[in-house]
Amino acid sequence: MNFDGITVPRTLVPHNYLQLALAAQRGRQRQVKELLEKRKLPEHGWRDEEIEQLVHQLAALDSNNFTHNVGLGEREARIACKLVARRHYNFGHGIGRSGDLLEAQPKAAGSTLMANLTNAMLLDLLHMLGLQSCHGCFLVPLATGMTLTLCLQALRKRRPNARYVLWSRIDQKSCFKAITAAGLEPIVIPHVVLKEEHALATDCQKFEQRIQELGAHNILCLYSTTSCFAPRNCDNIVELAKLAKRESVPHLVNNAYGLQCEAIISQLEKAQRVGRIDYFVQSTDKNLMVPVGGAIVASSDAQLLEQLASSYAGRASSSQTLDVFMTLLSLGRNGYQMLLRERQQNFEYLKQRLQQFAAEHNEIVPQCKNNPISLALTLSTLNSEHNEADNSITQLGAMLHARGVSGVRVVNVGQTKSIDGHEFKHFGSHRELLQTPYLTVAAALGVHRPEIDKFFVILDKCWTQFKKTSA
Amino acid sequence: MNFDGITVPRTLVPHNYLQLALAAQRGRQRQVKELLEKRKLPEHGWRDEEIEQLVHQLAALDSNNFTHNVGLGEREARIACKLVARRHYNFGHGIGRSGDLLEAQPKAAGSTLMANLTNAMLLDLLHMLGLQSCHGCFLVPLATGMTLTLCLQALRKRRPNARYVLWSRIDQKSCFKAITAAGLEPIVIPHVVLKEEHALATDCQKFEQRIQELGAHNILCLYSTTSCFAPRNCDNIVELAKLAKRESVPHLVNNAYGLQCEAIISQLEKAQRVGRIDYFVQSTDKNLMVPVGGAIVASSDAQLLEQLASSYAGRASSSQTLDVFMTLLSLGRNGYQMLLRERQQNFEYLKQRLQQFAAEHNEIVPQCKNNPISLALTLSTLNSEHNEADNSITQLGAMLHARGVSGVRVVNVGQTKSIDGHEFKHFGSHRELLQTPYLTVAAALGVHRPEIDKFFVILDKCWTQFKKTSA
Amino acid sequence: MNFDGITVPRTLVPHNYLQLALAAQRGRQRQVKELLEKRKLPEHGWRDEEIEQLVHQLAALDSNNFTHNVGLGEREARIACKLVARRHYNFGHGIGRSGDLLEAQPKAAGSTLMANLTNAMLLDLLHMLGLQSCHGCFLVPLATGMTLTLCLQALRKRRPNARYVLWSRIDQKSCFKAITAAGLEPIVIPHVVLKEEHALATDCQKFEQRIQELGAHNILCLYSTTSCFAPRNCDNIVELAKLAKRESVPHLVNNAYGLQCEAIISQLEKAQRVGRIDYFVQSTDKNLMVPVGGAIVASSDAQLLEQLASSYAGRASSSQTLDVFMTLLSLGRNGYQMLLRERQQNFEYLKQRLQQFAAEHNEIVPQCKNNPISLALTLSTLNSEHNEADNSITQLGAMLHARGVSGVRVVNVGQTKSIDGHEFKHFGSHRELLQTPYLTVAAALGVHRPEIDKFFVILDKCWTQFKKTSA
Amino acid sequence: MNFDGITVPRTLVPHNYLQLALAAQRGRQRQVKELLEKRKLPEHGWRDEEIEQLVHQLAALDSNNFTHNVGLGEREARIACKLVARRHYNFGHGIGRSGDLLEAQPKAAGSTLMANLTNAMLLDLLHMLGLQSCHGCFLVPLATGMTLTLCLQALRKRRPNARYVLWSRIDQKSCFKAITAAGLEPIVIPHVVLKEEHALATDCQKFEQRIQELGAHNILCLYSTTSCFAPRNCDNIVELAKLAKRESVPHLVNNAYGLQCEAIISQLEKAQRVGRIDYFVQSTDKNLMVPVGGAIVASSDAQLLEQLASSYAGRASSSQTLDVFMTLLSLGRNGYQMLLRERQQNFEYLKQRLQQFAAEHNEIVPQCKNNPISLALTLSTLNSEHNEADNSITQLGAMLHARGVSGVRVVNVGQTKSIDGHEFKHFGSHRELLQTPYLTVAAALGVHRPEIDKFFVILDKCWTQFKKTSA
């Protein structure tokens, strides 16, 4: 609703006051018009009330919110609990249409509009970040891992007989499970260990070699990862993309939290230009600071995206879309760029503080040139005193955790893990042989400098205490 | 927080007033204690403020809401937009742990607790409804179709060489896509047409015959559907379950909106007792009146459920869990039973009105003994006047839609549809040969009697107008 | 904002889906147009989202919500706490303009509009209830007692030398304090005791006599009360109004919770037609089920209302207006009439149950023909057993209270209370001499039948226990 | 509710995760304990969810929110509209008890607690600001003007025969109406014009002279004002307080928006120490950035406050209390001090920019040493060109307003206004004779520097345009 076409009686409000107030509304209307017509991320973030007003207006376009609706189907988006309706702004119909995430939903013009607008803003965001070659993207209301599975399934429809996935090892369960969930055969490619830097790098030669061994036509795709825990580096996606192109093998990139990082973005863009990437996938939670549960899949090939969208069996939740929609409007280009800058500065700060700490304690911070988010710190001096009970180094992690530090990982030597029948030695370290335990920390989007300061105070205390108790 | 251990000064409130008020709180506390300790759906629905209080308390147990949290990981559940945080009650961490939906999330004790409590209440609900053989269930934050895909993928891990899925035809895209998404081979089993009743029934003999032809070991599973559009009946799941047991072939049941219906439930329970069902899957939106996007997967075998849960690659959204959690608390056993009763009565009413309408217009309402939700009405008298332009009968649907009626489907003869390379004749009718067009309506959970009355007013108008304009 | 004048691209949503959705919005727009142009209480209640949408749109008309606002005054309605802003829908400017509640506020076109619209709907409500002679009314964001003070102050501006207020005794502190707060002299007029009915009635003769004694020109006004606790009856406002007219003395009626009662309303209307009432005042909380803190002042004389409005020194809170605005839209005429009917039925039910209880326990329910809300029950049989400790009868009230019964008053004999220098014997009983203690209960707007049933269960238990312990 | 005394089963959440989470809750609990036991403004602001949790817990202590409540009174705080209940966090009972704002409300232990806690925090705030002599204060849910009336009424109860109020002129309607509303006689004391500074100062001699003329016993009180529009200065409250003490006449101070300003606070404190102030009153909206509608009345005499509280006839809205309660918790001491500092800096900035503007345009910024909030700028050069139509200078105000600038007042010569029978010449200028028009601007709490910058851009444009069009 609005005040157009309504003759507001002067007994309700003096004409001149109202005129001034209505004039002030025109700015809002222009803002909405521009958003809908240009489909770009707004320059400046919107205010909460402006966002909610638009969201309410969109929800009103869904049939479950029509006053006169008569629902005689099996799915009418009735919502039993008022609190639930309220938290979804009365959206109930989800997005997509049986079996296609991108198809318009006839019962839900508003949800459809919101979903498409969100995808358009996401594309604009990718372009702004430097991913000019990206021709399309959309939000999938699934975890990143599941979205990677979806990508593999979509690729399989085009290469039904290829069953191998060449995967540059990364020790996160869901990355690996994404392959087995799809019923495909993972081929693990170990890393090259860079002695000097104490870091890990993609073994591109091994990839090539495996393609020769298995036959390119039997390989569903190469599967690389950008953002990861140090001392693993971002995969050499440029070389892998070239290889993929050369061998005509699809290439899937897990860019989990890489959008927040300029260096990774420029690698991605380059890889797309000089080589081949079929899909690259990123989490919404890590890159856009929304609750866990969504991913953005992007590609330079619009048709590939359509195929992917039509592999989603069913209508999907619109909750993740709503979160991203509101967040993008709330941040605007400026807001997001400010977050990026802050993260960059905090990463540099964290690195410098960590190197200083390492120097003081005779430890090392591995030099991961291609890991601009995560940092590692060796725990060799702690470990040497604990020969009899290797496991106890993980106590350090527990001590930090108990003091409110979350996200620090202590990686110990000798952990073996079996996932879906595949055994990983030294699990957590991304490598076959680990000699020195270490911990990792990250400066991710949204981290605040006082957190970093507080971390070192706590680390210092725990370090001292750990040494004391283990002495 | 609460008032225990706090000495509230008398200058703030007289002691006797406070004591009375605190006594009144004990009821709330007991309610929560009972919920957590017994893990049952409450007898009576909770009030909104009681629900929200618990939800807030649970959210406070997640590390992102600790006042002193220092987040140095790559995923710390920071939420950029206040509106988003608010609609999620500050939950941000999702549920599960990399690659297992049922694993506890160390950073999110509250989310974990909520998810497990929701699953426990869902199980209690299933038992209350009569599914006593069900030994476990859990909510999957995915569309029903995608959840069916997940089931197929989990089954494949146990039968890696079986690739056929024997599927009793149902003309809904996502049911079929659930198979192709998993990279499996669908074998379509057509229905037996019951001449007298004008209805469709499962061709169990054909199932058996196909098993023989293809070899039981090559068959991943039988895949049947309960709730569906008339004149298709609920599949004969009891006979299929017996067959599955006899042949040692898994059996997957799509029970999309069958929880709302006693007759289907009793079939399911019988099938589980006398035969074999590995998983049965139902939508949360249709059965619990929450927004689209979740499914409940249930089984009489706890291990099967664990395998399924560990096939989900990644951490999942907790938004669907929150919706179901709040809805179950809000309804309670009483509330849900009342909804069931109302639906049953409204179905009988809709049927009677439809039969009356049919009698007045020389049409037929097919007798689907095993379809207690959906009803069909032939459109033969409308059709006969439109020989030249078959398609125009769908205009009736558009007319109804334009007047606010949603959910009515007009099924015309001769529609062919190709899905992932498979061609379906007379798509929408679930059969190979359709001679008379028809429409379907449903009395689903939450439908109101005034809607039914209004529907017949509108149908009558549209029918008359359609006849007039096509004369 | 709305979608007019925006060319929504077809890539966002198919044209035909959008058109249908936009058509559905027109109903909402019509609803708003009708409200603003006709300024009547809507026939049917609005849905929550419709109410909130309008409220948000109105708030957007206030200058503190203009995007480009530059605030250089001392009062710019900035709101420090987001939670506070949210609960006020960003309204901050209050209503009225320095010293006049009804004047438009230049900085707040939206608040002004809402306030005037609320007053217009209230007037329509009064008319609907049968108060046709009422020519105007407005909401005062003050307690009823303070609003009565405001009325007395406004009357004093016209009769600066009159200092006596002739007040028909009612034992509620704030009714009396309303006089002393204004610095006026109360003249208490005791009641006639109706022996047979055990009830109290207005002593109109005494009123007349006092006017003669004091001189009409010295009397600021007659001050009567309608709704009250039994066995006091509603004052004989028709006779008092006639007297006021005859003697040219203003007449102020405290109609605290009388709007909810047809019988009182018809008395009020008659009194206005045949006699004189200057102002009649009613609580918003009791009559409209909003939080405590507002009153509606009404009159058949528009000028009197203007004088009253301009006696409010300062700008007032708009919180009460917002509550009433939303409640009226939410209920609509139908909703309010349903509440009235239910109350009437519940009163009859309560009366019948109470009479039955009285008969069983040898007690009496006084016959208050002119009290259609409150009922009394003598406690003579309880009292006789407690000669030694009169006070202990109030224990019954405490026992009821401790079991969750609120609102029951136990009136004991012999309580004396001094208010602002005036002494009231048997305070609580509205009379000079009370011999039998009693309790009162009321069937007010919003009471539910199960509450009444539960009350009698508890009363019965407490009664028995009281007898036992005092035996 | 909380998790104490509940044995959370390990199937719901692992014991160690839960323990960590519960430990984190203890901080919250400590925070609440400290608040309730010490009753001080917290050092640091609370987070939104912490505030809401406490508010919800308090509301749960009110009887209308007891699950088992049986309401048989005439006022049971039932709330008809869910939206209204929600915005009040289910508070419905208001504060106070018939006729006493500070009395505990038996039906509402939670509201009572919140109100007393709010008043305690306000007192702590006053002390923190430097008002050490202040012995008590409370929030009155009334406009400042109405609260001043309430003070006058309370004073009258102690001095029933005194009818004159000696009032240092300030041209704001509600300040004056506060006197007439109470039925008292205002004696206007004009200002001394300070020639050099172009500013106005309190004429203490005239006060003294009037006391002699009228007789101290006939004077209800002296009535001064601190915060005001330049070029009026804050009244010389120290001298007036001395005079009041000397003559044994009460002294009422309107400190409308003086809490935000250190200079005024120190005057107030000094005045209380060396002289007499009975009550001083300040707005909540202007000093605490909450919506309009509340005032804080403070005194060094606790008994005086009790008398005042017991003059409020009726139970009052708790909405204003809730706003202030949440705002104080949200800001904390630190937050408020930061706001004060920013205001101070912005005032200096505004002054400097205004002086610069004045110098460039041959205008003057009067030197009001005792007005640390508001600033004036003469408009002599604009005026000289408009001899024929004096009024037109107000056009400048309209031009600014139309461009989004609110709060600027243009004061023209020759405006006469009559309020309640008293005539004020040159109304708006606080003086008998005004020769040069001027405008005023203020740097109030919450103003942002960019607003000031934007103001000068707009002022410059309007100034130029005004000169052009009037040339």
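Chains here go by letter, A, B, C and D, matching the order in which they are written, and residues are numbered from 1 within each.
The definition used in the following text is that a contact is a pair of C-beta atoms (placed from the backbone, for glycine too) under 8 Å apart; a residue touches a chain by one contact, two chains touch by 3 or more.
On a predicted model such as this, the values are computed, not experimentally measured, just so you know.
J.: Would you identify the chain whose Cα-based centre sits farthest away from the centre of chain B?
T.: That would be chain D.
J.: Decide which interface, B-C or C-D, involves more C-beta pairs in contact, and give its chain pair.
T.: C-D
J.: Could you put a whole-Å number on the gap between the CA centroids of chain B and chain C?
T.: That gives a centre separation of 48 Å.
J.: Return the distance between the CA-based centres of chain B and chain D, expressed in whole Å.
T.: Comparing mean C-alpha positions, chain D is 57 Å from chain B.
J.: With chain centres taken as the means of their Cα atoms, state the distance from chain C to chain D in Å.
T.: 29
J.: Indicate the residues of chain A shared as contacts by at least two other chains.
T.: 20, 24, 52, 63, 66, 68, 82, 106, 401, 404
J.: For the complex, give me every residue of chain A touching chain D.
T.: Chain A residues touching chain D: 20, 24, 82, 401-402, 404.
J.: Name, in rising order, each residue of chain A that touches chain C in their complex.
T.: 1-9, 11-14, 17-18, 20-22, 24-25, 27-29, 31-33, 36-37, 39, 47, 49, 52-54, 56-57, 59-63, 65-68, 90, 104, 106, 109-110, 112-113, 116-117, 120
J.: Hey, which residues of chain A end up touching chain B in the complex?
T.: The touching residues are 48, 51-52, 63, 66, 68-84, 87-89, 91-94, 98-100, 106-107, 141-150, 153, 156-157, 160, 172-178, 180-183, 227, 229, 256-257, 283, 285-286, 288-294, 310-320, 322-323, 326-327, 330-331, 335, 339, 350, 373-374, 401, 404-409, 419-420, 441-447, 451-452, 454-455, 458.
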